[in-house]
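Order as written gives the chain letters A, B, C, D, E and F; numbering starts at 1 within each chain.
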Amino acid sequence: MYKNLKLISGSVHRELAKSISEKMNIPLTPIRLKKFRDGEIYIKIEESMRGEDVFIIQPTCTPVNDSLMELLIIIDAVRRASAGRINAVIPYFGYARQDRKASSREPITSKLIANILTTAGVNRVVTVDLHADQIQGFFDIPMDHFQGYIMFYDYFKNKNIKNLVAVSPDAGAVKKTRRFAKALNIPLVIIDKRRPEHNEAEILNVIGDVKGKNAIIIDDIIDTGGTIVNAASVLKLKGAKEVYICATHGVLSDGAAEKLKKSVAKEIILTDTIPIPEKKRFRKLKIISIAPLMAEIINRIHHNESLGQLFDLDGCVI
Amino acid sequence: MYKNLKLISGSVHRELAKSISEKMNIPLTPIRLKKFRDGEIYIKIEESMRGEDVFIIQPTCTPVNDSLMELLIIIDAVRRASAGRINAVIPYFGYARQDRKASSREPITSKLIANILTTAGVNRVVTVDLHADQIQGFFDIPMDHFQGYIMFYDYFKNKNIKNLVAVSPDAGAVKKTRRFAKALNIPLVIIDKRRPEHNEAEILNVIGDVKGKNAIIIDDIIDTGGTIVNAASVLKLKGAKEVYICATHGVLSDGAAEKLKKSVAKEIILTDTIPIPEKKRFRKLKIISIAPLMAEIINRIHHNESLGQLFDLDGCVI
Amino acid sequence: MYKNLKLISGSVHRELAKSISEKMNIPLTPIRLKKFRDGEIYIKIEESMRGEDVFIIQPTCTPVNDSLMELLIIIDAVRRASAGRINAVIPYFGYARQDRKASSREPITSKLIANILTTAGVNRVVTVDLHADQIQGFFDIPMDHFQGYIMFYDYFKNKNIKNLVAVSPDAGAVKKTRRFAKALNIPLVIIDKRRPEHNEAEILNVIGDVKGKNAIIIDDIIDTGGTIVNAASVLKLKGAKEVYICATHGVLSDGAAEKLKKSVAKEIILTDTIPIPEKKRFRKLKIISIAPLMAEIINRIHHNESLGQLFDLDGCVI
Amino acid sequence: MYKNLKLISGSVHRELAKSISEKMNIPLTPIRLKKFRDGEIYIKIEESMRGEDVFIIQPTCTPVNDSLMELLIIIDAVRRASAGRINAVIPYFGYARQDRKASSREPITSKLIANILTTAGVNRVVTVDLHADQIQGFFDIPMDHFQGYIMFYDYFKNKNIKNLVAVSPDAGAVKKTRRFAKALNIPLVIIDKRRPEHNEAEILNVIGDVKGKNAIIIDDIIDTGGTIVNAASVLKLKGAKEVYICATHGVLSDGAAEKLKKSVAKEIILTDTIPIPEKKRFRKLKIISIAPLMAEIINRIHHNESLGQLFDLDGCVI
Amino acid sequence: MYKNLKLISGSVHRELAKSISEKMNIPLTPIRLKKFRDGEIYIKIEESMRGEDVFIIQPTCTPVNDSLMELLIIIDAVRRASAGRINAVIPYFGYARQDRKASSREPITSKLIANILTTAGVNRVVTVDLHADQIQGFFDIPMDHFQGYIMFYDYFKNKNIKNLVAVSPDAGAVKKTRRFAKALNIPLVIIDKRRPEHNEAEILNVIGDVKGKNAIIIDDIIDTGGTIVNAASVLKLKGAKEVYICATHGVLSDGAAEKLKKSVAKEIILTDTIPIPEKKRFRKLKIISIAPLMAEIINRIHHNESLGQLFDLDGCVI
Amino acid sequence: MYKNLKLISGSVHRELAKSISEKMNIPLTPIRLKKFRDGEIYIKIEESMRGEDVFIIQPTCTPVNDSLMELLIIIDAVRRASAGRINAVIPYFGYARQDRKASSREPITSKLIANILTTAGVNRVVTVDLHADQIQGFFDIPMDHFQGYIMFYDYFKNKNIKNLVAVSPDAGAVKKTRRFAKALNIPLVIIDKRRPEHNEAEILNVIGDVKGKNAIIIDDIIDTGGTIVNAASVLKLKGAKEVYICATHGVLSDGAAEKLKKSVAKEIILTDTIPIPEKKRFRKLKIISIAPLMAEIINRIHHNESLGQLFDLDGCVI
């Protein structure tokens, strides 16, 4: 069925790679991955790459610089080994939030990453729920990308809860939240964090009505969890019945899991674009796996089949 | 004062170029600009370009493809004529709204434009209020960019109207509106356009409170004017006292000027990033010129002086 | 017969694209082509492009900048949609006459076009009768190109007229005319336009003998038609029997059709590399279609068959 | 007067480099140039290049591959030594005649040369009388180029001979000859070499009238000399009074000098873009040096002064 | 004295940067350097970079991937801030040992690093004692590089010890050791590590005579220290009087300092290309600072003065 | 068996190309190769290249600049003729010894060659025994490379001589010699050429023991032969029994063959990476052909089969 398709996993998320490998019924290509004592990464691919259609699975999550360099080095090895086509499957694209200059003399690190991936020799990037859709345009190679909200759409469709509202936890997530709200045909609410006077504390203004509603907060990333947990609290305060928190990428920096666990939210729903270790898991955390969808996407890319037809929702894969 | 600085105007907005030229006290470099009968553009720069720091002023507005090609051809001529540095001053960056794939098999035309400008040989781009900040990252050359809202900030600061709210006419403009709202320290309101059921007409939901408030709608572009004029009406309906419409770029496609003139808005405030012909002007339209600011920016770029120190507001030039 | 070949037509010359499509028995790929009110072009390809060998048919004729930008945007969309190979079929290559700096500080717009086509992502260009053969070298991607005179060769071979001479209407067309003259083994005549003294009118010197001969004027482009119609008149004056005018590309700017119609020429023979609208057609205008030849060329490119063997005449496809 | 200008001569034409150096009153930068026993070239620049405006003088004439490689290697050394700007002064651009595909599966070697010069790191090319003007467009870096005929224009202006005609020795040189004819305001004559029937010998048709005229044959290159010497003979046969032969580049392959010496031409006028050894010189050969003009051009490039103003004739430097 | 020179230190080796800054009497440019909770690096340059000649000091040592990414991000910020020239001063070039494919399907990570530094926008690299000289050729931008042995040459010249031999601890270091041996005019000895039979332990063969000699082992890097400490022991065993260990780069991975301290060597001499923390220092460890030399090199680069004249020894800076 | 594989031979080593062609049972593609009188090379490929996997066989040996330019021009022609993949088989890579800057203001000509080959359009390089392994990293395209010593390994394995030592004739060849020594499990000896005092003659120090041993000197290149012939003599002087000289590339500049013939060596063993004309051959010279191995390598590259499995010895093909 697959004549010359190779799946390679970096060291970051072998669990996801294995799930994909199992769904596709293709073994992971053996690869020697070593860190020298001084921290330098050594790579050796253990099978011929000549003419192969190679998919390298590696989210560039924490430790982000190591993850990224490992990915680049694998790409270099695969390219020099005469691969036919090199596809980087990067479920979580690190540094995506540094996608513009917000003040003078800042870098645009996302673009830097896009450029160095291209320089290293990648021919295609497959990724999930970029912080801004415009990051697609940071690449000139083909990019296959799907919005994270489609993972949550099915989940809530099946749950069949009444009186839902979709809540954007800040101005930045409005577009993403609106897509989800539109798909479920539910109202949109926005939280605007603002410092009323120069020396006062920030307060959260809830723009829109949540009284007696079941609120679903939608974001792409949960990092320290502060913003989103506060958002949940303020929604409750404003009379929301239940609060659900959804985010595609569970970065979950130090203390985030604890905060979420203790939050007023009824459920926290993440995907597995980033590995979530056992110690960060808790009862009300649900993890939806992207592996079945990713396996199908890789399958279609390899066979030159359309991805656009893969989803019911308009425009979810682009 | 300026040893080797040259200002060149394309054919699109000579009025703005002249204003800048007068502010800087530098004549525009003469240039022969001709359209052949078959529509091909011919260019000849009439003064030596050797080693000069050249600023080419051309918004890529309607007729967008002609404006853009003319700019590219001027760049090619200037480059081959051994210019020292080529700066494209593009107050309005056409095709900026095509900045991502919204569905399968669409182009990302903004990125295409960025790439071909770079290929043509430009060394720097100066622009105003990009549709998305991320477009900065479409370039790898230095880009000087300022947010449009700073033009309106001073205007309303001086007007000293009470009870203001800033209104984003749709989900896409929330970030821009929020910056303005934050600068003036006024509340944020959002309009969410949605079709309640498949076959019903779209309705505008006003998220947030406008009753008895003076509403300022903020957007980057007014094109056909439909969305923003309807937004003004619905705000009035929801009890707003006065409605002001602000937009950086007055594209004003057919009929837009008429719609704005007839709208419920008390004032429409635009800048002159795009030429606004006499016939599209009307009594309640105010046009704030960017020429003084642009002249100062060109001056600082040429003398390697910081732009970051140019504004009171944080992060307005990046 | 064609496993993964796609034909796409831009908006410029659907008639030619349809003829090619019919000859090849392959439907044109549906594509959404829209111009927004402000003149920006929007494109969406309506069928999967993954791994396809795509041929985009678009002469870059009047309105040249729109035609070119549309082509670039289609290429961008096709590339981002993971096409296998992108071939631009550009029967008429606009701006080809701006192929060198004739005086200081001019652009070389043909090279600029070549560069931006390559930047956009095209892998091959197929074109007809470039203004100068050297434009081939403006590209580093493969280019398939055939001389226009072979279209006229067959025409006159069949007509079997006696006493023919081939006439170059100016110094620039001598090489092209000479190829035609050599193929038919007929004498060469050249017209040299010169202003005898600074303030006098230009006169046409006929270099070579046309008395009693049937003259065929050969050029690549008829634009305003002035030069070539005057050439026909002067030939008659010098005693030519009949005058035929041949040109590959019928640009036919304003008034050209009228001029040609009224000219002393017995026949005007063009090809359909550029669409010639009904209102520009007249009785003594013959249009030879390139569609059969282009269909065969596309067929051979797709199947990796030699083009060199396609023609009887030496060196006509290169 | 020259703060940071360096002149470097390759091994090919030190005589010209020395003349330029003397005119400019700048010593040639010492450079170690060595050929190893196996033919590999070794280079070492003997003075600091840091930040310098470096002009490397090297025509890429016979032995063309050695001349070119030496130039490339000097450029590489200069670039790695942190030069400020690298200008290649290539009075004769070898391989210029291979500027297009004349039949299938030929290279376009001129473009290859342009590409590898750019890759090696050159920032500007200065050259004389390219075989086709379009070769300018093979480069995207600035190129300063002047037509060869201006050297002959002054020569014949001063000679003040009556009844002149300018003769193009074949169809390829018509454009060059026409410029010269136009500048002197004299008639144009063209020679068309053709084989009347397949098995017959080629004959030369003189198109235009030379009877009793003094004919000046104009070409860019004299290589084997065959064509041009035959052209001179046929002109005499057709009644020309005196025949002068002018060519910018005296390639003078084996036997050419002898042929020219014995020819019917009264004078042969060349420039020194290529070194002409003593043994190839003869009484009726005149050599006009480009050194004064080249020195002035280098001077102006270095000081960012216009070259366009250097000449009386329109468009002679482009 | 320095008009537009800026020194920036990354977070890796501020001590060296400060020493250089003091020697040059130029303050370090303030820079905000932050690691987010998830490990992403954030950078903001706190002073204008426009037109500046910027030197960024950052060895890419442990943690190598963080050091490198930080350097790349600083470069990106500096480039987008319109710096005039960007010089990366990388005293220790991480991943230098991965400079070739030693077996199939390995990467060449050093080249990858060179490529991505160039992509990020660096204009020059300054570095010390590359593992292989050929790494210079991995870059096409100018590179200033000096051999580490010159640091030890002065040291031993002054010590004035008799009966010295220079020892290469393995086949890879022979060239470096030979340069040192030649400079001091002392004999060369080589240690060849080999496994006599397949299952036996590796043994060290000392090729050359060390009996009664004072041996100086020369290497570029001490990483785990195993090889070099064993080399010292075997030299003692073979009758060496005193053993000195010299290495340019003190990587000193876990346990290396301890091993060196306990070794038979009389002295271990390193430079400070890599920061050596207090806890890894011990009595018989000498550290020679490169700061004075580096300050002078930066000074000369900035002023376009020759580096070749900086050293007594031939070829030590290239 | 080979569907779309083409073998092309340049003019340099048709004998090797023919051997490979015979082993593979594929005819060489006819190609017109001409040198014009002035030394310019003309090429025309005589068969269609469309979509073909093309292997061009050309060592870039003496006359090195001609060999290289011819190769580049063939590549250009093949690329413009729409080849599918272009593989340059360069058994001897000229200029490989110029792989680093040994002193200021030298070029790195090997890198220049790598860059211009890539610019010309080559997709892969196949080569043998590069002077330094790091040259692999000068390319970013895939490179297949094998060490020369494996050719000699089999030879000596079969000869079964006792008491062997492997001798590196200078410090530069130690790594290569060590690989051979390790493969045969024999001791390593090194010769260090040094000038004892400034004005004295160079002397050769033999480091290691050769008394009564059969010595095999290993190097990659024999150019003038001086070093290696002197090495043989000194080994004899130090008591070696027999001396064998092995080198992969027989450059054999003027006089080298004579020197080798007269040397004390019992046998000189070369490969045929470079053509060795009859007049340079002598009785004790053995030439081992690389044709069988190269044929197998081309076969495997074409069929996307692993090269790593081709050899018994570790790491011999990389």
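As a working rule, a contact is a pair of C-beta atoms (placed from the backbone, for glycine too) under 8 Å apart; a residue touches a chain by one contact, two chains touch by 3 or more.
From a predicted model like this one, the values you see are computed outputs, not experimental measurements.
The chains that touch both subunit A and subunit D are B, C, E, F.
Listed by label, the chains that touch subunit A and also subunit C are B, F.
Of all residue numbers used at the contact between subunit D and subunit E, under half are used by both chains, marking a mostly different-residue interface. Farthest from subunit F in terms of Cα centroid separation is B. Separating the CA-averaged centres of subunit C and subunit D is a span of 33 Å. For the pair subunit A and subunit F, the distance between C-alpha centroids works out to 50 Å.
With touch defined as above, residues shared between interfaces to two or more other chains in subunit F number as follows: 48, 80-81, 101, 103-106, 108, 111, 115, 140, 306, 308. Every pair of chains in contact is given here: A-B, A-C, A-E, A-F, B-C, B-D, B-E, C-D, C-F, D-E, D-F, E-F. Contact residues of subunit A toward subunit E in the complex are 36-46, 48-49, 61-66, 68-69, 72-74, 76-78, 80-81, 94-95, 97-98, 101, 103-109, 111-112, 115-116, 119-120, 223-224, 251, 253-254.
Residues of subunit D that touch subunit E in their complex: 4, 48, 50-52, 79-82, 84, 121.
Within the complex, the subunit F residues that touch subunit A are 124, 140, 142-144, 301, 304-306, 308. Interface residues of subunit D facing subunit C in the complex, by the touch rule stated above, are 99-106, 108, 110-111, 115, 132-138, 140, 145, 171-172, 174-175, 178, 182, 185, 187-190, 192, 194, 196, 205, 207-208, 306-308, 314-315, 317-318.
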